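Consider the two complexes below, in which chain A is the common component and chain B and chain C are the respective partners.
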Partner chain A sequence: MTETIELALKTLEAQLNQPLETALEACARCGLCAEACHYYRAEPKVEHIPAYRSEQLRNVYRYEHDFLSRVFPAWTGAKKLDEVTLANLSEMAYSQCTLCRRCTVNCPLGVDTPLMMRAIRAMATATGNAPEILVMLADAAIEKGKDPSFYKDMFLEQIREMEEQLRDITGDPNASIPVEKQGTKILYVPLAGAHTILPPAVVFNAAKEDWTLSIFEAANYGVFLADVNRAKAVAKRIVDEANRLGVKEIVIAECGHAYASYRWDVPNWFAGQFDFKVRSLIEVLAEYIRDGKIKVDPTAIPEGVTYHDSCNLARNGGLIEEPRYVLNKITTDFREMTPNKAEAICCGGGGGLVALAEYTERRLAAGKPKADQIKKTGARVVVAACENCRLQIGDLNEHYNLNVRITALTDLVVRAMRLPKPLPGTEAEHLFEGEGALVEK
Partner chain B sequence: MTDKPALSLDFKGLLCPMPVVKIAMAMKQVKVGQTVEAVATDPGVMADIPAWARTSGNELVELEKREKDIRFVVKRAK
Partner chain C sequence: MNMLMFSQFLALAGLLAGVYGIYRRYAETKRRALPADKSPLKGNPQHGVTYAFTLGMMPWAKESTRLHMIAYLRGIGFHIGIFTAIGALIVSPFWGFLPAVLNLSLTVVLGIGSLLGAAGGVMRLTEHNLRGLSIPDDHFAVWLVTVWMAVSALAVWNEAFLVAFYILSAITLAYMPLGKIRHCLYFFFSRTFFGKFFGRRAVFPHPETAK
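The block that comes next holds the complex of A and B.
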């Protein structure tokens, strides 16, 4: 056995807890998961059936854990792990599963195929078989946490420029973007880039919220690598910042995996150091509108609008009614996709896929069911509250000629706030001209 | 000012993490010692590109914020 294979098996063993062992033992081979998977819906072949994918890991697990399988592997399909099998498993786990968990909720036994794909991803990461770019992005984020001084001055300079823009578009000379302010109620964690800072800043200022901006970004590529050490190191930056500032709540930008991670994983990873409420920005938007903290024009968006449920926000996060509440307050023609909510079909961009150029063709093919759903609604505007989903739907828009505009929920809310000037650099700016008329592409 | 870059790329309009993804891919297309120049509009690159350069072992030669965009030059170091 080579060192690589030894490490891969050791990594698998380290992950064997009750949920994973149950998933590895419980499949009834009914095949109901096939139609649940967007890969299979797009290309109905056996490799795209979640149960088939899981079976590839089960074969390795059986060889290691079942006496009969070890002695007579051909009887049970057991397979001794070798370098080629490991490479094939790794490619499958990173390119043919977005960890959306639609198969899990449609499985009569609740078999968690994504949990098995995560186990393979962890084996791949430990042995250098993970996609290099995901490792690079995770390591760059950790580096930013080690020594923020190398970019902090530039960051603060940009925030001051954004603050000028904020005052200009809101007409409020006192509007501000506080950074590292002590003792605020909310620590808002954006993604990299002004598009997830300026629109929320408009909303927080209008609601007179007690908030401060994080100097870090919410995205966590360690999660996609199923590498708990890297994922914890990325998250630690924000946990430390929240503790240092003494905030009460962490609000995560419109980002599916970041929300799921901070809502469900991080409190466990940092038990004892994590005494914060975690909310997604979309929950905050719903609260502000419900409580009258921000005023929105219910007729602001007259065009047909549909909403894409991010798997991490809806199916895995339970944020189903909040975005719909917001959209029903600012649109006059909201159209649901079918199926939707907890049964929503994945767009195909999750699990880190949008960052992996080598799998672009596969990703676009797997996105066809989502493209068909969007087309069927006839909507001209697609709202997605997750950056990866927006990037993927943007690519689907071009690939399948959908002729839609894709926007974040916050951008649309800001549009409905009827500010003196439009938000610069967002889709919402291009979306409308004058009083809500859609501009043709 | 650096030598003429081996590649000049336009990342305008690309949002995080695409500028990092694209520059990492571009570095594989040039030889050690050669440089890649890129122009982006996402302010996130001001933090992400220096961090990526540090961890990937490439050298960030220039990073300048201009009126409407951000220009950076990276040298392939290994």
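The block that comes next holds the complex of A and C.
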């Protein structure tokens, strides 16, 4: 046995807890999960059935743990792990599964296939078989946390420019974007890019919120690598920042995996040091509208609008009704995709797939069921409250000629606030103005 | 000791071996870590577990079972037959004392169960996806249980099949913890974890989901 294989098996053993062993043991191979998977829907073949994918790890597990499999490996398909098998497993887990858990929801036994795909991803990461770009992005984020001073001045300069824009858009000379302000109620954690800072800043200012901006971004590539140590190191930057500033609440930008990890995983990783409430920006928008903290025009968006449920926000995160509440307050023609909510079809961009250029063709092919769903609604505007979903649906838009505009929820809310000037640099801006406008001003 | 008594001892030994083997599996799994979830609740994990074992098992609860309603109901009927066969084995010394209508009911349930099992076995051989997914253990398990149920049905009706029934019971129950049939144990683990996960997040049960 080579050192690599030994390390891969050791990594599998380290993860083998009750839920993982259950997932490895429970499957009856009934095949009912097939159509649950967007890969299978796009290209129906046995290799795309979730049970088939998880069976590839089960074969390795059985060889190590099952009496009958050790005596008669052919009887159960048990297989000794070797370098080729490990490479195939790694490629499968990173390129043919977005960890969306739609198969779990559709399994009569509730088998958690993504848990097994995560186990493979962890084995791949530990042995250097994970996609390099994900490792680099995770490590870069960790480095940034070690010495933020390197880029902080530049970041603050950009924020000051954004503040000027904010005052211009809102007509409020006192509108501001406080950065790392001590003792505020909310620490808002954006993603990389002004598009996740300026629109929320408009909303926070309008709501007269006591908030501050994090200097870090919410994305956590350690999560995609299923590398808890890396994921914790990335998250620690924000946990430390929140502790240092003494905030009460962390609000995460419109991002599926970031919300799911900070809301459901980080409290477990940092038990005892994490007393913050974690909310998605979506929940905050819903609260502001419900409580009248921001005023929105209910007729602001007359175009047909549909909403894509990010798997991490809805099925894995429990944010199902909140975005719909917001949309119903600002649109007059909201159209649901079918199926939706906990049964929504994955767009194909999750699990870090949008960052992996080598799998673009596969990703676009797997996105066809989502593209078909969007087409069927006849909507001209697709709202996606997750950055990766937006990128993927943007690519699907081009690839399948959907002729839709893809926008974040916050951008649409800002449009509905009827500000003196449009929000620049967002898709929502184009709904009303300029070339290709969908709606008359 | 006559053949019938010998076969009864075999069945008892098979039952004990099966129960012990499943207990060993249970104990091994329980020995593994169970990560505590300290994230603040949105929903209720207990409600999720209740849902997972009740409404969540209904044929209309999932897209997969709505799409494959007949296959799912076939599976449900097959498993009802299996549990009936285990019950029938336990009460087998008293079959002669049971009312005729109960014996007839047993025969019918076991007979239907075995027919549904045979259908499943044929599907595994003929249906493209199922054939691709199946390992030898799957084929063996479904036919073993199917034949056991069929012989159970005959044995309830006719004593001539009792020896065969007990021998097959011994083989089936002894095999239970060794092969695929042990998913009967992990079903309970799996649905419990499912319920806790989605219940905590208020995804299931959720009155508005899956519309």
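Heads up, the rule we're going with is that the second predicted complex is superposed on the first by the 434 of 441 C-alpha atoms of A that agree within 3 Å, B and C clash if a C-alpha of one lies under 4 Å from a C-alpha of the other, contacts with A are read in each partner's own complex, and residues count from 1 in each chain.
What we mean here is this: contacts are C-beta pairs under 8 Å (C-beta built on N, C-alpha and C of every residue); 3 or more make two chains touch, one makes a residue touch a chain.
Bear in mind that the values here come from a model prediction, so they are computed numbers and not experimental data.
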Could you say whether A:156 touches chain B, chain C, both of them, or neither, answering first, second, both or neither? neither
Please work out whether A:317 is in contact with chain B alone, chain C alone, both, or neither, and reply first, second, both or neither. second
So, does A:18 touch the first partner chain B, the second partner chain C, both, or neither? second
Considering only the touch criterion stated at the top, classify A:137 as touching first (chain B), second (chain C), both, or neither. first
So, A:110: does it touch chain B (first), chain C (second), both, or neither? second
Chain A: partner with more touched residues, chain B or chain C: C
What is the contact status of A:1 with respect to chain B (first) and chain C (second): first, second, both, or neither? neither
Just which bits of chain A does chain B share with chain C as contact spots? none
Can you list the residues on chain A that touch chain C in the complex? 16-19, 21-23, 25-36, 46, 49, 51-52, 55, 67-68, 74-77, 104-112, 263-265, 267-268, 271, 277-278, 314-318, 320-321, 336, 339-343
In the complex, the residues of chain A that touch chain B are 132-133, 136-137, 139-144, 150-151, 154-155, 157-158, 191-195, 217, 219, 221, 355, 357, 387, 391, 425
Where on chain C does chain A make contact in their complex? 25, 29-30, 32-40, 42-43, 52, 56-57, 62-65, 67-68, 71-72, 75, 127-130, 132-138, 140, 178-180, 182-183, 185-187, 189-191, 193-195, 197-198, 200-204, 206, 208-211
Per the contact definition, I'd like the list of chain B residues that touch chain A in the complex. 15-18, 20-21, 24-25, 41-48, 50-52, 54-56, 65
